[in-house]
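Okay, here's the structure, questions in a sec.
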Amino acid sequence: MLKQCRSLLSRSLKSAKWGDGFESRAAFSTSLQDFAATGNANGRVFAPYTIYKGKASVSISPVLPTFVKMDSDIGGLKVNRRGSMMLTFCPAIGERKYDWEQRQKFALSPTEVGSLISMGAHDASEFYHDPSMQSSNAGQVSKKLCIKAFDGGNGYMISLTVTNNVLKSNENFNVPVTTAEFAVLKTAFSFALPHIMGWDWLTNQSPKGIKGSPSKVNPKQHFDLEWDR
Amino acid sequence: MLKQCRSLLSRSLKSAKWGDGFESRAAFSTSLQDFAATGNANGRVFAPYTIYKGKASVSISPVLPTFVKMDSDIGGLKVNRRGSMMLTFCPAIGERKYDWEQRQKFALSPTEVGSLISMGAHDASEFYHDPSMQSSNAGQVSKKLCIKAFDGGNGYMISLTVTNNVLKSNENFNVPVTTAEFAVLKTAFSFALPHIMGWDWLTNQSPKGIKGSPSKVNPKQHFDLEWDR
Amino acid sequence: MLKQCRSLLSRSLKSAKWGDGFESRAAFSTSLQDFAATGNANGRVFAPYTIYKGKASVSISPVLPTFVKMDSDIGGLKVNRRGSMMLTFCPAIGERKYDWEQRQKFALSPTEVGSLISMGAHDASEFYHDPSMQSSNAGQVSKKLCIKAFDGGNGYMISLTVTNNVLKSNENFNVPVTTAEFAVLKTAFSFALPHIMGWDWLTNQSPKGIKGSPSKVNPKQHFDLEWDR
Amino acid sequence: MLKQCRSLLSRSLKSAKWGDGFESRAAFSTSLQDFAATGNANGRVFAPYTIYKGKASVSISPVLPTFVKMDSDIGGLKVNRRGSMMLTFCPAIGERKYDWEQRQKFALSPTEVGSLISMGAHDASEFYHDPSMQSSNAGQVSKKLCIKAFDGGNGYMISLTVTNNVLKSNENFNVPVTTAEFAVLKTAFSFALPHIMGWDWLTNQSPKGIKGSPSKVNPKQHFDLEWDR
């Protein structure tokens, strides 16, 4: 994969890169048996937003929630796994060369996305994840994502630290982002947030679902919806 | 239902919970004879955003407007019942246990949603609802929703008080929300507002509806549209 | 129509009202021979946002642009008439009674919408329209819409003045709006703006339109797109 | 084309203009063999937002990304060429006459769009493009786009300078934009940004893509998605 990254990078710095790798988890995993509502039946679309800097790159892609059918008589779908905003870091191993094999991921939850999009020009946020939380391996590996404004207010440092207490290893990724790049993140995250929450289902745009002739409606019933307990 | 909540909670705090209950009103009610444009013909989607805190939880879900066919010759649909943002509160009855049976709801209107999304870091909003407004039972039960910024500007207290003057009961739900959680609410509410207003019908994205060959158009007619009275 | 307004109002102040009238222009006009891409083939949807105050009401609804087929060999559609944000004012003629027959309209252009959504808590905007602009009747009738923040910064006065120099008449509509109502306008206008500009066509969401197998692409060509003159 | 511009302009300054020309690149080019997901199978839609001022006009239209099928077994699409926000400048050659033949283009990348939408009322941004970057002709032609706030904070000057070192030519386009026009740009750019990034594919709105009955899901697998390396 490293070889491929090089050739892609040398071809054009302006074209989208690595899209074929960042979502390989979803693509190649066969053990994952629930389904994602990907929005198009013909396959997946890979359109990460990637920021390449001197020591590392970070590539960002929304991950949609998955749904399961409800057991009840009424049918319907409910969220099975929440969506997230996936950040994938790669270390630089030369000028404009990034090593995909050494990538590390960090999945922002909707609330963590809310934290990021509400950051001011002088704020900082830190998030801690433990992949083995609530298991006997808790504490073996920990990840910390830190987003910290530069003193001058002209951008942010995004840092990922992955500590493996078993292997005694510690990996660091530092990607400085400009105000413009952060504005892209804020705008794109705000756009994506309702989608990773699963709220984009809530639309009136499929009138085909409307059938029949509504009978007279008791206005009182409507008014009482809030009080139905 | 309480039992179910427990098992869900113990399984994973990260997955979406209670989605199967929060919309049961729409699902089980058979007396409600108008129809909702749910956006998907195969059933409902349950994707509430829930905030769990020590004394209570609040789960938030948009409710789409319903439409009725117009009687006129020209056809078309008009809004019959406005959409809302439904807040459902449950009291905590133990560590990470919330009692669905004691839930209370509060439905924010579009204008109340507007009030919430325009709140600054030091503002407060209060909304009063009377389920029996304009009936002989007016004043028997009243609900007050209060959203108040913490003194430090680092979040808000969302409180629901339900007073029943007949039963002489008074219920209180207090859910402190962080700045990050409130940012999720603001972003998700801003996304959902046009949908609960019914404005998401107004889209150009169905070119299949365009047919025939437009004849010559009198530009004056266009210009005068504002003046057609 | 007045009668209908009364009965609707007395039934419930909370339900959407008057939707059947506000778009009657589009509905009843048969001389208008271009077509609107209404987004649903089965008819129109009426979902105005209406603010009722003591002396007048204002009801707001987006109007989509219309498109015409292009004459060229390549097909495609171009905007024929721009969309707008239609404001319809009705005077109050009693407690919670508004006279639809005396309504006056004002259509905000996309740039005027931009002006409104960029207003701060202490700003004012004025727009002047002349329905007979560029004709021999220019100056006979003029309309002025004024949006002015209250001194306290806690809302705005929206005023429409229609002056008819032929009939020597002068009509005034004043609707005070709260900060919450203005937040609804800002959010809904921001949502609607790309739609009335016709930009909501520009979406990647119809993969069915993708066919065939792309041949090798000369990267240079892509890079030069900006330079094709 | 100039003739057409004149007649269009004389007919109505309020209708959308020039839409048939601004995207001619995509329309007439036959050498461009990749495909755009235009979102409607029946053809293209031309809906530029144009600002006409005394010395020049600027017309703005989003350009969607193009996608290619992935070679892998899993199918799917990846971004082949990123989308952009295309600015097309025309010089004024008389009162309300603009010369389409002398147009110059500048394509804002997603990050440059982020820079623009994060500009405050007193900020300035500059972007430099070289159409021959990374080729032997690098430096022959250069383009500079400058967006600079007026001292009073009541608008911006948008300037494009095209320098051709071979022809020893230098072209300048200056378009002053009001605060209202810039608000339209900010709102429309924020709307369009996820689309030109290709993120609008990421939607849950096609439930038809969901099939089959999900088997039992191992919750641990979900939790570990972030850790799949």
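Letters are used for the chains, namely A, B, C and D, taken in the order the chains are written, and counting of residues starts over at 1 for each.
Keep this in mind: a contact is a pair of C-beta atoms (placed from the backbone, for glycine too) under 8 Å apart; a residue touches a chain by one contact, two chains touch by 3 or more.
In this text the structure is predicted, and so the values were computed from the model without any measurement.
Trainee: So what angle, to the nearest 5 degrees, turns chain A so that its CA atoms land on those of chain B?
Mentor: 90
Trainee: Work out the mean Cα position per chain and let me know which chain is farthest from chain D.
Mentor: B
Trainee: For copies chain C and chain D, work out whether under half or over half of the interface numbers are shared, and give different or same accordingly.
Mentor: Since fewer than half of the residue numbers are used by both chains, the interface counts as different.
Trainee: Measure off the straight-line distance from the CA centroid of chain B to the CA centroid of chain C, and report it in whole Å.
Mentor: Their C-alpha centroids are separated by 25 Å.
Trainee: Please report how many Å separate the Cα centroid of chain B from that of chain D, as a whole number.
Mentor: Computed from C-alpha means, the inter-chain centre distance equals 35 Å.
Trainee: Touching two or more other chains, which residues of chain D qualify?
Mentor: Residues 12, 14-15, 39-40, 42, 45, 65, 67, 77, 80-81, 198, 201, 203-205, 207, 222-223 of chain D touch two or more partner chains.
Trainee: Which stretch or stretches of chain B touch chain A in the complex?
Mentor: Checking each residue of chain B against chain A gives 12, 14-16, 19-20, 25, 27-29, 31-35, 37-47, 49, 62-65, 67-69, 77, 80-81, 84, 86, 103-107, 129, 131, 133, 135, 141, 143, 178-185, 187-188, 191-192, 195, 198, 200-201, 203, 205.
Trainee: Give every residue of chain C touching chain D within the complex, in rising order.
Mentor: It comes out as residues 65, 67, 70, 72, 74-82, 109-115, 117-118, 134, 190, 193-194, 197-199, 201-218, 220-229.
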